[in-house]
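Below are the structure tokens for one structure; questions will follow.
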Amino acid sequence: MTDEQKSLAPANPKMTARDVKVFYGPKQAIKGVSIDVDMDNVTAFIGPSGCGKSTFLRTLNRMNDTVASARVDGTITLDGEDIYAPSMDVVQLRARVGMVFQKPNPFPKSIYENIAYGPRIHGLAASKADMDVIVEKSLRRAGLWEEVKDRLQDSGTALSGGQQQRLCIGRAIAVEPEVILMDEPCSALDPIATAKIEELIHELRGRYAIVIVTHNMQQAARVSQRTAFFHLGELVEYGVTSDIFTNPKAERTKDYITGRYG
Amino acid sequence: MSSPLSPAERLPTDWKSDAMRKRIARRYAAERRFRLLGLGAVLLSAAFLAFLLVTMMGNGLRGFTRTEIALKVDFPASPLLLDPQAITDEALANANLPMVTSSVAEKMLGKEADAWLAPTAWISMRDAIKADPTILNRTEVIRVPASTDIDLAAKSDGTPAAEAAVKRLKQAGILSTGFNWSFLSSSDGTDPTQVGIWGAFKGSLLTMLVTLVLSFPIGVATALYLEEYAPKAWWTDIIEVSINNLAAVPSIIFGLLGLSIFLNFLHLPRSAAVVGGMTLALMTMPVIVIAGRNAIKSVPPSIRDAALGIGASPVQVVFQHVLPLALPGILTGTIIGMARALGETAPLLMIGMRAFIATPPGGVTDPATVLPVQIFLWSDEVSKGFVEKTSAAIIVLLVFLLAMNGLAIYLRNKFEKRW
Amino acid sequence: MTGPAIILLLAGLGAIAWVSARARAVRLQTAARATGRRDAVHSLPGYHGWYVALWTLIPAAIFLAVWANVAPGLVTQSVLADPAAQALPADGFARSAILGEARAIASGLQAGAFNPASEALVAPYRTAISEYGIAGAVLALILAFAGGAYAFTRIRPDFRARTRVERLVMMALLLASLLAIVTTLGIVASLLWESFRFFSMVNPIDFLFGFKWSPQSAAMGYGNDDAFGAIPLFWGTIFIGAIIAMIVAIPLGLMSAVYLTQYASPAVRKWMKPLLEVLAGVPTVVYGYFAALTVAPALRDFAVAIGIRGASSESALAAGLVMGVMIIPFVSSMADDSIAAVPQSMRDGSLAMGATTSETIKRVLVPAALPGVVGGVLLAVSRAIGETMIVVMAAGLAANLTLNPFASVTTVTTQIVQLLTGDQEFDSAKTLAAFALGLVLFVVTLLLNIVALRVVKKYREAYE
Amino acid sequence: GDQSSGAGGTRDQIRAVGSSTVYPFATAAAELFVQSNPGMKSPIIESTGTGGGMKLFCAGVGAQHPDIEDASRRMKKSEFDQCQANGVKDIIEVQIGVDGLAFAESKEGPGLSLTPKIVYEALAANPYGEDANKAQTWKDVDASLPAIPISVFGPPSTSGTRDSLAELILEVGCRTDPAMAALKEKNEDEYKATCTRIREDGKYVDSGENDNLIVQKLGANPNAVGVFGFSFLEENKNTLKDVPINGIPATYDTVSTGQYPGARPLYIYVKKAHMQAVPGLQAYLNIFASNWGPGGVLARRGMVPAPDDVRKANAETVKSLTVLDGADLK
Amino acid sequence: MTDEQKSLAPANPKMTARDVKVFYGPKQAIKGVSIDVDMDNVTAFIGPSGCGKSTFLRTLNRMNDTVASARVDGTITLDGEDIYAPSMDVVQLRARVGMVFQKPNPFPKSIYENIAYGPRIHGLAASKADMDVIVEKSLRRAGLWEEVKDRLQDSGTALSGGQQQRLCIGRAIAVEPEVILMDEPCSALDPIATAKIEELIHELRGRYAIVIVTHNMQQAARVSQRTAFFHLGELVEYGVTSDIFTNPKAERTKDYITGRYG
């Protein structure tokens, strides 16, 4: 971490990563990344394909545990607690650090059940009425309530792509997470749906720490306040978004931004 | 549902609360239970298999051995009227060897000794004379099979009378139990000490040959057509449905088909490997088609695009690219289908292969039986000696089948996903 | 001329045709290529070779096939014209038996005559057969030459030989796939006729819905009316195949699939999966023997020990249990496929919400895979109810309508085998009932399969 | 018919089809045949059941049709007619021996002693045409018997052995009632129904063709009675003992002479037209004739020799190849 | 086709398309496109995902024939010959109009066999020596010869992604095509391999008429002289590449180029 980057770090970051290395078997996919994520800003990860954006994102809620060959080195904390400590419970961690995937993946259940799934497994609702409240609130926050309130029992897979993705965001919100990770949430969506999701991210900002991976530099510019540029498993540059796009420090960043590769 | 809520209405969840901790502990316990349940299911299934195999081995291994009695035959003194210079099959057949054999035994061991020898014991005598006629001029020790009672008593436990006889024979040092080679080289018979599986085994081989020759090309051709060329039309749907259905039609119904079409309508020979093979080919074909289609499907479309893109015709694409790549998968399916056909019994009962056939078939139109039918026939035999022979035949069949399945699994693992 | 000789000769001609046509194509094409025009040359020389060879062989082969069917009639006619044929009996069947035998002897298929009357006809047959044989061979050769010559003259550099040869290949493939339909029709035809005869003796309604299966009455001439109620057989079949076997196979198969796909390490999975598949590879006659000699007596002893009355050593439980074990790999591989077909993103989605693996399996994977699993179970059921050897060897013959798993029940397949190998007259309703039972079995498995495949397919499409 | 395709192949092997009861004896004869005629191929013996065998046997003469039918009952009139219609004109009928229908129980059994009447009353569906059989224990049938539940393992209704059971035991027991004897004259059908129909409430268990299993089951159920071929009793003397009928134990002598009531003749039927064409057919018949006596190989396999006069008559048939005229068939 | 576009058309185009419409079943994927392709320029097709670039490209060598539901309307000519005429032999057409796909798809055979396959089925080599010459020449043109000359018998699938893609280009070249169609040939490649392919395209230009589909506007700018912008199945704008990027006529083109959607 360069000095300058450190200065960027907020006083009280929500999550911190220090010298994180990720290996897939013998292959190193992340080569010592340190970064801080805070509540007030949306952080965007950009970089060419295969540079390790998704891999790094998934270390933040230990989704990499599900890949048998993956191994993580270094320290990552959530509110100062080491999330790779043996005392950390992954199940709780994942409830606190929600995730939204590239392709919308609603469960093949009703819209209601999609939202209720998380609160139910974590026992967050004491009664059916409680659950109703949670479902409505989550759908509202996800900006989907008006569109689906009359058909909560329809299957979640019957929605359009953009609606599905908002449903997935709503599902993540329903367990009251503190951080939301999004891995190219719009890449499978059309421009209009994309615009809606971007708007939603704007609204959610401040309430949750949000990290978004994107291939689309314009999108990064639109939605984020902080941008991290990855290349070949390294964090090349991390800074205020407008600076990165208008005035990149590193040569590689500049080449990438101006479309020399990728 | 209640009125709109203010966003701050719910506090962040308190994950550290006692209730929450307990809840998580419960969830983890459920997780462990579920996992153990799964492991239990796997182990139980494997245990069934192990139990089956061990039982069969336990019963069957004894079937590969045979108890023999060494008879000391003083040929010149025996009532045998044979000229060592003129030993022919005819002469031997007329020499009343059974009588001679039992009289030799009685002279040597006493009155009841005849019952200790297998009814076919004299055949060993005949074979010995045929192999070396000069023994007729001297005294020779010839090992002849013991009767079923003695055999069982020698190997495990038998009737008290037989046990006593075994004890006597053992004391005399003329009883021995050894590997029964003739079990592998001879055919069906009525005396359990003499029977073998060679005839049925050869029948199985011939039947499988017919099955393979018919079902493999037709199955592959069908799979190629359906997967690569067939237009979407009502009649291709019918073909698909037929094939999927044939793959699941009870095997006995194929037997009824063979009976009425191949035997009664086409007048093909009864009990012959060719009819058995044709019937089983109809059963195996759909299996090959389905496996073949899956294998063909797994050839990436990019390969087809590549070939088409440089101007290969659809037939060239299929025969030069798709088929070679799909072949391991097709072969795996074929082996599995053949293994199933090899173990199949029910349809063959309907087309006359449930028969006593003591001569191994010479060709596909000769009357033949197959291993599983032989097992079925023996399981129904009166003599107790057949129990272990049945299990022994089962071992042979199982070894054969496990080898085939093993080969299929090996092929599948080896060629799984190469692109 | 004999069959093999003419076939060899034709094969030789085909080879010659291939070689010469190919040579000619090479020559013509080399010249044409010199013109430099891209479309001056169409097919590779080998295709020209095949084109001519096929023209040489196929018409001749078709002719020979037709001739082989027509010639015997012609031969017979010419033999009947022979004076020796005047002595033949008028009776049609005996007459054709004698003729057939004489032909077999004349063509060397048979050594001696079963029927003295046929001996006189051997000589006329011999002459007629050789005459027509030569005629056929000559005609076939002429056709081969004509076909070959026609095709040969069509060789041009830009002649589209490949297209034509490929069309033929496609036709062969199409024909191969039609065989499946032919087989299905064959099954239906072979069952339908005898079933029809059965139903002319026994009312189908009584058969399908009667509660009493008692063919002893029919056999002994008490009439067929209430003897062929097949409900007890259907019940036995369902009891063993769809209930007991599935109670064993579904939990074990499903849980094995879940464990192996979701929990087991790759090494364990690599060994255990094939091991379980071996269960499906064990021949059914072995299972039958095992069920009859090991499982059934043990179960009976157990039942007696815990004081169950009416325990039989041919219990439904023994057959069903062993059949269930046999079916485990079916269920587990279908479940395995269906669970694997649930997109990884579902699993990730659930895990990312903080669900444990078992919660993910129970609440997301299995419900999502359910249609596939159900389809697989239906296929397994159809397999189980058609299974023969286990029940023939281990289930009883008593047509009981009972819920006691330790009692003896009988199944459709057992009865088919029994009826067809019994000592009764063959044309009695009793033996014909086997075909009617076969028909019912066929129809039921057909329906089960169609439904199952629909279900599976629909569900696959949902994720594609 | 006219098809010569499959009929082919020189038939140098004898083919026999038919009853599973005769099967062991036919195979034993086949083995003897090969041993005494070296160079000959072994006959093919198929176990199709008597009825299935008859259909094949009567389908015609020629290489594709069997030469011999093994039967555990006499040929029926209808089958004979079928044979005639298909050109199988000259049929030789040979009775090769007798199959004892033995009643047996486990060595640990109670030592029952039965009579046809008791058996009938215990097993009939409606004894003497009355209500459904309600007897639960043997004592209910006859006070002298122990009070153990009736449980009989016997041949299934498809089997020829079952016919014998009906004819030799049940009908005899039934006719002890004069009303039934009278009924036989009046209404044959009703008589048959009353006298031969077996109860279907589980007291009588159809037990398949696999008699080995019956033997095993008797071992497991000491209180049960089994009904099967005499040869099985012989073979399993160490686990089973016979149940005397009318006080007569089942032994070779009593069965052979017909003293033991459960005995039925076994036949083979041969096509005369095949005698010339199939090599060895005559020799095979001779094997039967020379081994069916007491102490012969067939007897060692468990077949009960027919009485002397029957054997003599049939030996004559084998020698002269006398043809069955069919008039006395039923 | 606007007047201006017509003026762009070369005097003697290699391929022409006039009012081409493509339907997948009832759905129209291409809505009347007219375009000319010539030997001297590399033509790039750009446009947002799903706009029909690949579909149109595949009509040019009738690869769409393999899609059962596809139906093509309008006229496409190659050297003035209608390629959809019944007398046209598709197999020869595809030899003349080669194609390179998005994902490198070498045959799982040796490198040598990969190149030799096309010449062999078209009977272009009279002898083994002939074939050796063809293989070497093609690999040289594809810029791969130096890298693989010592391991011609290795499997083509054992090469790196970029090498594989060049192998595929070599394979297309081996049958002496007149036109080469490339459908996003670099989208699966890393920046270095991409650069190599772009260089190769430069070298091939002039010898073959080249059409390349790309998602990457920078790439279009780098390699092409003519650019066609597709949107929703229509050809929105076709012109000299530098004009399109610096001075787009249509509003939609401008929006796309400046990253408003896609």
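Note that the chains take the letters A, B, C, D and E in the order they are written out, and that residue 1 is the start of every chain.
Just so we're on the same page, a contact is a pair of C-beta atoms (placed from the backbone, for glycine too) under 8 Å apart; a residue touches a chain by one contact, two chains touch by 3 or more.
Keep in mind that this is a model prediction, so the values were computed, not measured.
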| item | value |
| --- | --- |
| For subunit E, the least number of touch steps when starting out from subunit B | 1 |
| Selected interface, C-D versus B-D, where C-beta contact pairs are more numerous | C-D |
| Centre-most chain, if every chain is reduced to its averaged C-alpha atoms | C |
| For subunit A placed onto subunit E, the superposition rotation in degrees, Cα atoms, nearest 5 | 175 |
| Separation of mean Cα positions, subunit D and subunit C [Å, integer] | 36 |
| Inter-chain centre distance, subunit B versus subunit C - centres from mean C-alpha coordinates, in Å | 20 |
| CA centroid of subunit D to CA centroid of subunit E, Å | 84 |
| Whole-Å gap between the CA centroids of subunit A and subunit C | 55 |
| Residue numbers of subunit A (touch at least two other chains) | 91-92, 95, 121-122, 175 |
| Touching two or more other chains - residue numbers and ranges from subunit D | 1, 3, 7-9, 20, 47-48, 209-210 |
| Sites on subunit B at which at least two other chains make contact | 27, 313, 354, 379 |
| Residue ranges of subunit B in contact with subunit C within the complex | 27-28, 30-31, 34-35, 37-42, 44-46, 48-49, 52, 55-56, 217-218, 221-222, 224-226, 229-230, 238-239, 241-246, 248-254, 256-257, 259-261, 282, 285-286, 289, 313-315, 336, 339-340, 342-346, 349-350, 354, 372-373, 375-376, 379, 390-391, 394, 397-398, 401-402, 404-406, 409, 413 |
| Residues of subunit C that touch subunit E when the two form their complex | 29-30, 38-39, 41-42, 44-45, 160, 162 |
| Residues on subunit C engaged by subunit B in the complex (per definition of touch) | 162-163, 166, 169-170, 172-174, 176-181, 183-184, 186-187, 189-191, 193-194, 251-256, 258-260, 262-264, 270, 272, 274-279, 281-290, 292, 294, 325, 328, 332, 356-359, 361-362, 379, 382-383, 385-389, 392-393, 413, 416-417, 420-421, 434-435, 438, 441-442, 445-446, 448-450, 453 |
| Of subunit E, residues touching subunit C in the complex | 89, 91-92, 96, 121-123, 126 |
| In the complex, subunit D residues that touch subunit B | 1, 3, 5-9, 13, 15, 20, 23-24, 26-28, 30-31, 34-39, 41-48, 56, 64, 209-212, 231-232, 235-236, 238, 297, 300-302 |
